[in-house]
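Presented below are the structures under discussion, each in the form of C-alpha cells.
One chain, chain A, appears in both complexes that follow, with chain B as partner in the first and chain C in the second.
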Partner chain A sequence: MNVTSDLETQPADQPRRKVSGPRPRPLPHKKSRQARRENLTGLLLLLPAAAVIVLLMGVPLVSVIIDSFTDRSFLSPVADFIGLENYIEVLTDDSFWSTFSRTLIWTALSVALQIVIGLAFALLLNQRFRGRGILRGVFLLPWVTPVVVVALIWKWMLNDLYGVINNLLAQVNPAWGDLAWFSDESLALWTVIGVNVWRGVPFTMIIFLAGLQSVPRELTEAAAVDGAGRLRTFANVTLPHLRGILLTVALIFTMFNFNNFDLVYLSTRGGPADRTMILPVKTYEVAFKGLQIGEAGAWAVLMLITIAILATLYFTYVRRSEKESR
Partner chain B sequence: MKILESKTNRRVLLLLAILAATVYSAFPFYWLFISSITAPSQLFSGALFPSAFSAESYVQLFSATPIFTWLGNSILVAVIVTALTVVVAVLGAYSLAFFPTRIGQAAGQLILFTYMFPGVVVVVPAYTLLSRLGLVDNLVGLVLVELVLTVPFCIWMLRSFFLQVPKELLEAGRIDGASRMRVLWAILLPVARPGVIAIAVFSFIFSWNEYLFPLVLINADEGKTLPLGVAGFMGNLTVQWGPLLASGVVAVIPVLVLFLFLQRHLVEGLMAGAVKG
Partner chain C sequence: MPRHTKKYVAASVALIMVALGTGCSNSGSESQTADGKIELEFWNPETDEAEVEVFEKIISAYEDDNPNVDVKLVTIPWSDIFAKWQTALQSGNAPDASIGSVAFGASFQEQGVLEPLNDVVDAIGGEAAFADSASSLVDLSKTEEGDWFTLPLVHNSVVLWYNKPMLEAAGLQPPKTWDELEAAAKAMTHDDQYGILIPSSTSQVTNQSLYSLILSNGGDIVDRDDPNTVTFDEEKSVEALEFYSSLAQYSPPGSGGYDRPEAQAAMTTGKLGMFIYGSWMQSALDAAGPEVAEQFGTVPVPSNGGAGAFMGNLSVFAFKGGEHPEETKDFLSYFYDPKNYEELILVNPTSFFPVLGEVQDSETYQSNEKVVASAELIEAVKTSLPDAWIFGLPNPHAGEWEGLNLIAKAATAVIEQGKDPQEAAAGVADEMRDTIK
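Moving on, here comes the complex of A and B:
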C-alpha cells in the first residue's frame, strides 16, 4: 500500500501509462515523447518473439500456400505453376472425403470424451479428501508423458497375443482375448480415439478444476440452503458458471485433435487399410512418402480452410448465444 | 438421486470413483515399469504381479542401441529450447502486459492464433528452409524449429502472470531511477517467479516430447532425440518388447522427476492461463 501512496505524492509528469480520470496531465509535447518511447520499448521487447513466429511460422505458411499451386516435389529442383491442378486432384481423389469425414469423427468424439471425462475428474478433485494433491499429480501423468511412450504402453497392454488387458478380457469371454485393437479394421479408429482421450483428459481436467475453484462458494451454499440437491446445484449453478471455460476448451481441443499427428502416426501410421488415416497423417505421407510437396501443400491448405471454417462457426455461435443470454 | 444424499453412500461412491480414476490414470505406468523389469521368461505370461525379475531388458537396450546418445541429444535440445524460450517469452510478455501498443496487441492476437496451426502444415517448408541453410540433421536447426511450438504458448501463460503484478510496483521502481530492463530483472521477475518456472517446465516437456519435427529434420542415428529413437525401435519388423519397454521407461523418467518436483508450478501455470487467459 505504501507503494501507491508514494506514487500519489509524485509530480504528475512522472512516466505513466493510460492516465484515467481527471488527473493533471503533463505538457502535450512532453507526453507524446514519453508515450513514443514507451511504445518503442514495447515493440522492441516483442521483436524476438515476432522474429521467431514470422520466420518459422509466417514464412513457411506463405510458402505452403504458394507451393500448393505448383508441381514442386523432392524429386526435381524445378517447379512449375500449375494452377488448381493439385486441388482438383486431391478433391477428386477417392480417399479425400473419407479421410476428411474420418478426421471430423476423430475430432468430435475425442473432444466430447475429453470434456466429459475431464469434467468428471475435475469434480472428483474438487471434493475434499486426504491425498488430493498427490492424486492431482497422478491424474496429470498421461499428459506429461511423451506421445511415443503413450503409444508404446497401449500397444503393449492391448497386444492381441500377450497384452495384459486382453488377458483380463479373456477371463471374462475367451473371444475378447483375441481382439486386435490396433490392427482390426473395424476397431482401430475407436482404439486410437480411446488412447487419445486418455492422453488429453488431464489437460481438460486441470482447466475445469481451475474453473470449479472460481465458483463462489456462497452460490453453491445458497443453493443448498434453498434445498437444491447436489445434481441440481451442479446443473443450475456450477455448470452455467463454467460455460465460458467449456466453450474455450471446446475450441482449443477441437484444434488440438484436428491437428494431431503423432499419436495416430506412432500407433497405426493411418492403417490398417487407411482406417485411421486422418488429414495431418495424410499430408505428411504425401510430402515425405510420396515426395509431392505441391500436392501436400494442397492437403495442408484444405486443412487450414477447414480450421478457419470451424473457428468462424465457433465464434458466430458464441457471439449469438451471448446476445441471447443478455 | 436419493443415493447421493446419504453421507455413507456418498463416501463409498467417492472412494470408488477415486479408485477407478487412479487405476485409469496410473495402471499403464505401473504396467510399463513392471514389464520392463520382468524376467524374459515371464514377460509374455500376462500375470498382473510377475514373480521373476531381471535387468535383462535394460542390459539389451544399453548394448544394442545408442540410447545414451539419444538421451544426451534430448537433454541438450530441451535445455537450450527452454533457455531460449524463457528469454524470448519474458521479453514478449513484459511487452504485452506493460507496454500496450496497438501493433503489440495485434501481434499478441496473432501469437494466440499461431497456436492453432497444425505443425504438419509448417513442417514441409520448414524442412526446405533449413535444408537451404544447411541445418537439416543438425540439432541447431531442431532447436530453432521447436521454438515455434513453445514461444506462443509460453508468452500467453506468462502474460497472465505478469498482469497480476500491480503496475504501481513497477512504476515505483522507475521513479527510483531504475531502467526498464532493471525493473524487469529486479522487480517483476522475482515477483512473477512461479510463472517463469511454469513456462520453463512447459518448454522442457514440450521439447522433450516432440516427435514430428525431429522425425522430419533428423535422419542420422546419432542425431536422434529419445522419442525418435524409441519410435524407430518400435517400428522394427520384429519388435523386441523387453528392451523397447525399457527404452520407454528411460524416456519417461526425466519428465516424471521434473514433474514430481515442479508439479505445483506447472498446475498453477495451467490454471492461471486457463482462467485469466
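Moving on, here comes the complex of A and C:
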C-alpha cells in the first residue's frame, strides 16, 4: 500500500500566519446612534429564540430545582416544602457515592478512550491510500447508528447462549463462550464502556481528522528538515496544533458521557445489581419507577452541580493556559 | 424609542405571544373535535401490532355505529403508562378511559379518581356474565359495597414451560412438585444446555417467576385478609426465594441480565429445559417458527403445598372528571359485545384468555384454529387460573410494587450479590411497608 501524508497535497503557497504585529485599535467607546439601533434590532430578533430556550430549558430547570426541595411525587397532587431533606437523604444513601464514583469512572474512561482511539484512527485515515474514502464512511457507521440499535446489536452479539462473539470465543476456549458480558457483575461496566467507546470514537475521529488537515505543511516540513522523526513531529508539531480541538472535544465528551442515559439504560438498566448504575439512570429510576419527583430532582441538581464544577475547572485551565502561552 | 424599533418590539412580543398561545392551547385535552363530534381519549398499554390493530378495528366499528363520537386511541407501553397516568391526573388531562391492570385500577380507586362502571356491568349481563376462571379477578374489581371501578377484559397466567425433547432425553415426566422441578433442572443441565431459566434481573420477568413460586409454596407477599400486612419476609415467601435462588445454578450464567426479550429469545435456542413464565410467551415461540414452538409443552407451576401462579390481566377503567361519562361507558360496553369480544380474544388466544363465560364456551372460540393448536397451553392456563392471583393485591400499592419490581430486587440481591434470603426479603418487605406509610 502506498502510504503518503495527506499534508503533502496542500498547496505550497499557502499564506503564512502573522504571528506578531500591532494590535488593531479599539473602536471608539461612544457608539453612534446607528450602531445602538442595530444592536437593539439584533437583540430584538434574538428575543423569540431566547424565549423558546427559556421556556424549554429554563422553566423545566427551575421547576426541577424547586421540586428538589419538596416531597413531590407522582402519587400525590400535593407537594410540601421539606427543605434539604431530599438532599440529605440522597447524600446519606449508601448507593449515592458508589453511583457517583461509578459515573466518574464511566465518564473518565469513556472520554479518554474515545479521544485516544479517535485520534489514532484520525492519524491513520489522514494518510493517503486506496479505499480511504470508503473506510472513512464505514468508520462513521457506529456513530450514525441509532443508540437503541447499538445496544441491541451488542446485547445479541455478546449473549452467552446465542451470541456470535461468544460462539467464536468458545471455539478458542469453551469457557469463554459462557462469558456473560452484560450480566456478570465483574464484566458489565467494562462491557458497557467498551460499547460506548465503540460508538463515540467515529465522532472524535472526524473532528481530529478535520484538525489534522489544517496543520500547516511548512511546520511539518520544517520539523523534518530539522531531523525530527514521525513521533517527534507528532508530539511537537501536530499535537500542539490540535490542543484547542483536544480540549474542546474533552469538554464536550465529558458532558456528553456524564449525562449519557440511553446506552446504559437500553443495555443493562443499571444492572446487574447496580453494577452499571450511573447518575442519569438512577435519576430516571427514582423519578419514573419510584415516582419520587422531589428526590429525583435532588439527584438531578447534584448532577448539575458536578458538571458545572467540571466545566468551571475546564475553563479555568483553558484561561490559564492561554495566559501562559501569550 | 424610534417608530420602527417599536414595530420590532411589537412584532417580537406578538411572536412570543403566538408561541405561548400555541403551547397553551395544546395543554388541555379537547373533548370536542373541530366538526363538533364528541372526542373520547382511550389509552392502551399493549404495543403488539396485531393487538393494536384489533383495538383500532373495534374503535372504528364503534365510530361507524356512533357517528357523533370520535375515539382517539393512544398507545403507551406498560413500562411508561403508570407515570403517564399519574402526570395526566395531576395536570387534569386524564384520558376518558384506559386499559390497564386491576392492580393499577386498585391504586386509582384508592386515590378516588375512577368512575364507577356498574352500568357497563349491567349492560353486559351482570356479574354472572363472567366465567369462574375470572372469579378472583371479579372480586378484586369491585368494592365491598358492590361498585365496579375496573372491569376485567382478559386474563392469563404463568405456567411451567418445558422443552419436550430435552425432558424426554432425561427420561422424566413434566414436574408437578418442587422436588421434581429441581430434579428435572439438575438432570437437564449438562454440556452446553441448562435445566431451567431463572432470571435474576430486577425486572418484571423475575417478579412474575418468583411470585408464582411463592404462591405455589402457599405464601404471598401480603396478607389477603389484612392487605396492609406485608408477608414477603415470612417463612413461605422466604422459602420460595431460597428455592428460586438455589435453582439459579441450573440457569445460564447470563440470566442475571435477562428481561422479557432476552428470556424469550433464550428459550428459542433449544438449550434451555424449563422456564416459569406467562402463557403470552407462545407468540414469541410462534414467531421463531413452528419447529421451535412445537418443542414446548406446558403444565401448571409445580406445587410445594400451595397452589397458584401470577395472573396477568387486562382491565378497563374510566377516569372521573371526563366530560362525557355516558358515552365513555357506552364505548367500554361495546368491547364486550360478543362479536367484538371474540375478535379481540382470537387475535392472541394464548395471551387473551376470555373472562366472559359465554365466549369461553362458544363453538366459535373452541373450534378456532389458534385455540385448537394451543389446546395444551390453554388447558394449563385454565387449570391455573382459579388459584392464580394478582401481584400484591388487594393492597392498593400493588401496582407501584410491581412497577418497581420490588420482589425481583430480592432475587437479584440473593443470586447476584450472595445476600442471605431472609435478609434480602426483609429489606424489600421494609420498602413495601414504607410505601404503605
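Simple rule for what comes next: the second predicted complex is superposed on the first by the 284 of 326 C-alpha atoms of A that agree within 3 Å, B and C clash if a C-alpha of one lies under 4 Å from a C-alpha of the other, contacts with A are read in each partner's own complex, and residues count from 1 in each chain.
Operating definition for what follows: a residue touches a chain if its C-beta (ideal position, glycine included) is under 8 Å from a C-beta of that chain, and two chains touch if they have at least 3 such contacts.
Here the structure is a predicted model, which means the values were calculated and not measured.
Enquirer: Name the contact category of A:277: first (chain B only), second (chain C only), both, or neither.
Expert: A:277 contacts neither chain B nor chain C.
Enquirer: Kindly classify A:223 by the partners it touches after superposition: chain B alone (first), chain C alone (second), both, or neither?
Expert: A:223: touches no partner chain.
Enquirer: Could you look at A:77 and tell me whether it touches chain B, chain C, both or neither (first, second, both, neither)?
Expert: Only chain C; A:77 stays clear of chain B.
Enquirer: Tell me which touches more residues of chain A here: chain C or chain B.
Expert: Touched residues of chain A are more numerous for B.
Enquirer: What is the contact status of A:184 with respect to chain B (first) and chain C (second): first, second, both, or neither?
Expert: Second partner only, chain C.
Enquirer: What is the contact status of A:192 with respect to chain B (first) and chain C (second): first, second, both, or neither?
Expert: Neither partner.
Enquirer: Quick check on the superposed pair: does A:149 touch chain B, chain C, both, or neither? Answer first, second, both or neither.
Expert: After superposition on chain A, A:149 lies in contact with chain B alone.
Enquirer: Going by the contact rule set out at the top, does A:212 touch chain B (first), chain C (second), both, or neither?
Expert: Neither partner.
Enquirer: Which partner does A:113 reach: the first (chain B), the second (chain C), both, or neither?
Expert: neither
Enquirer: Based on the superposed arrangement, let me know which partner A:38 touches: chain B (first), chain C (second), both, or neither?
Expert: In the superposed model, A:38 contacts chain B only, not chain C.
Enquirer: Return the residues of chain A at which the contacts from chain B and from chain C coincide.
Expert: Overlap of chain B and chain C footprints on chain A: residues 41, 44-45, 47-48, 52, 155-156, 161-162, 287-288.
Enquirer: Enumerate the contact residues on chain A facing chain C in the complex.
Expert: Listed in rising order, the residues are 37, 40-41, 44-45, 47-48, 51-52, 55, 74-75, 77, 155-156, 159-162, 177-185, 188, 268-269, 271-273, 287-291.
Enquirer: What residues on chain A touch chain B, complex-wise?
Expert: It comes out as residues 3-4, 6-7, 10, 14-18, 38-39, 41-50, 52-53, 56-57, 59-61, 63-64, 67, 121, 124, 127, 129, 135-142, 144-149, 151-157, 161-164, 166-167, 198, 202-203, 206-207, 209-211, 213-214, 229-231, 245, 248, 255, 258-259, 261-262, 265-266, 280, 283-284, 287-288, 293, 296-297, 300, 303-304, 307, 311.
Enquirer: Write out the stretch or stretches of chain C touching chain A in their complex.
Expert: Listed in rising order, the residues are 2, 5, 8-9, 12, 15-16, 19-20, 23, 80, 82-83, 86-87, 89-90, 111, 192, 200-203, 252-259, 262, 265-266, 269, 271-272, 400, 403-405, 412-413, 416-417.
Enquirer: Across the complex, what residues on chain B touch chain A?
Expert: Contacts found on chain B: 1, 4-5, 14, 17-18, 21-22, 24-26, 28-29, 31-32, 35, 43-46, 48, 87-89, 91-92, 94-96, 98-101, 103-104, 107, 110-111, 114-126, 128-129, 144-145, 147-148, 151-152, 155, 166-169, 171-172, 174-175, 180, 205, 208-209, 211-212, 216, 226-227, 230-231, 234, 241, 244-245, 248, 251-252, 255-256, 259-260, 263, 266-267, 270-272, 274-275.
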